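In the two complexes below, chain A is the common chain; its partner is chain B in one and chain C in the other.
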Partner chain A sequence: MANTYTLIASNTVGLLGSATITFSSIPSTYTDLLIKSSARTDRVNTVDYYKLKFNGTATSYSERSLNGNGSAAASENNNSTSYGFNYAIDAATATTSTFSNAEFYIPNYAGSNNKSYSTDAVTENNAATAYAAFTAGLLSNTTAITSITLESANAANFVQYSTFYLYGIKNS
Partner chain B sequence: MTNAIEINCATGEVIERPLTAAELTQREADAKAALDAKAADEKAAADKEAKRQAVYAKLGLTADEIAALA
Partner chain C sequence: MAAGSTYTPIATQTTSSSVASVTFSSIPSTYTDLVLISNVYKTGGSGQSGVFQVNGDTGTNYSFTYINGNGTSATSGRVSSNTYGCFDLWGQSMSDTTFEEHALNFMNYSNTTTYKTILYRGNAVNKGVEQGVNLWRSTAAITSVVLYLQAGSFVTGSTFTLYGIAAA
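On to the complex of A and B.
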């Protein structure tokens, strides 16, 4: 069982915002990776969606997701998509200065099997409508993961003070 | 200007640069695909619910009975 969390790298988005956040040259010395983020985008909506890519790969992602919006729940299947999804980032019309929380977990990222991952995110909004999303995903690609990119699936930008932390996990 | 941030985990270097033209084009295509996929999912869910309601109507169930089945 994993019992160590080592901070590999982190970033806080500056005044100009950013369309993408990429962790590159990730060392292969851990068993699992975990990204924790606190993020908000400038999409003109209450919610935005995370887009997740490993090694810049733009094919062969499959997912099952559970989503809630404060009044209804839904499940979705996405097969053979060009990136991973999570449906819960605070966006421009959510309560001012609130940020969503998210975790992205990638076990056995440096191995030679296809890559599984899970995501877990919630938005914060002082209203009945707020979003929660959970995803179980698979990238059908055996290449070891050395880079991870997060961005808005709606071509928006992460705003200032969004933060991203990449941890390496191993059992020794 | 739309920026990209890259954090090199080996060196700790953080590079902030404008997106390239190709990246901007891909980003727009991805955004359209995301909206299309979400709309298709929502339509499928709405169609399924409409069919469910049609079955309830055909069975002549009351609102309380429908709620009990949910």
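On to the complex of A and C.
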């Protein structure tokens, strides 16, 4: 039976931490891409945010998101930003040993259309405030995606035991 | 989720012209859950959402609950005793100039004991983002799904893939 949900690459952060997670040389042989992450950063705060880039592109991202923080729901627009943004990560003052989860889904990543994507991201924290966000995103660029970079939007480091898995999903 | 053969493409369709609907039929009962991923471009006027029916059922057997955000505010709502389920952004303007991504998850779709729960996610950067849950009040196994728009068409190049997920 065809192997249609395939691990392309993974990254587990070591003792020294890591400022950047990069998946490069992504083959064009799949239909969609999916990243699953379990992450935490050393930002001195309860929460940090992912900074997402495709192919190193630093322009033409737009997003709409739906967010909840444990007490209220809101929706936001992020237009013409230099990177995808609105996905929360547990940070240094969140409950110890708590890692946030996120998924990034990129359909038809190797096609010639502008690249749409979606994200789900949640944090947890043994306190009144934690975050959940659903985001619809678009990179207005028709180039096939061959690399993906994830960083902290606050120039922090991903801490040890953070994990990132890139899967390729094939429709045949 | 386990990698490999438990996530199996059952069928895929790419529209070669504008079409009003897309149908997956003769869905085998051999999986545990179904996932339907679509990446679509729409045309049309003042219509609303993308919707679906299963097994050709046009009765008032569908209901759904959603939460969405349009970039300005968050809204939740519910529709009961409806003639179709929802997989898109309910109540948002349909026309869009970008490809949208949707996901439908049909849970335990082939059992003949319970009503069927169908989760969905709609992502349209020019309109918003929505997550919701449908209920189809039937104990029949799901063997076909038709996706269509309340008005307008799926434009050339829209893709739809139905995957089966097996628990073992």
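The definition used in the following text is that the second predicted complex is superposed on the first by the 168 of 172 C-alpha atoms of A that agree within 3 Å, B and C clash if a C-alpha of one lies under 4 Å from a C-alpha of the other, contacts with A are read in each partner's own complex, and residues count from 1 in each chain.
Definition applied: contacts are C-beta pairs under 8 Å (C-beta built on N, C-alpha and C of every residue); 3 or more make two chains touch, one makes a residue touch a chain.
Model, not experiment: these values are computed from the prediction.
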Fit or clash - chain C, chain B, common chain A: fit
Which superposed partner A:A74 touches (first chain B, second chain C, both, neither): both
First, second, both or neither for A:G137, with chain B first and chain C second: second
Which of chain B and chain C A:L52 touches, first, second, both or neither: neither
Touched partner set for A:Y5, first chain B, second chain C, both or neither: second
For chain A as apex, the angle formed with chain B and chain C - C-alpha centres, to the nearest 10 degrees: 100
Which of chain B and chain C A:S172 touches, first, second, both or neither: second
Touching partner for A:V159 - first (chain B), second (chain C), both, neither: neither
Partner chain in contact with A:G17 - chain B first, chain C second, else both or neither: first
Chain B versus chain C - smallest C-alpha distance in the overlay, whole Å: 9
Set of chain A residues, in rising order, touched by both chain B and chain C: 74, 76
Chain A to chain B touching residues, read off their complex: 8-11, 13-14, 16-27, 49, 51, 58, 74, 76, 78, 81-83, 85, 151-155, 157, 166
Interfacial residue positions of chain A with respect to chain C in the complex: 1-7, 31-32, 62-67, 73-77, 105, 107-108, 113-114, 116-118, 134-138, 167, 169-172
Residues of chain C touching chain A in the complex: 1, 3-9, 12, 37, 39, 67-74, 76, 98-101, 103, 121-125, 127-131, 157, 159, 161, 163
Touch list for chain B against partner chain A, complex: 1-12, 14, 16, 19, 23, 26-28, 30-31, 33-35, 37-38, 41, 45
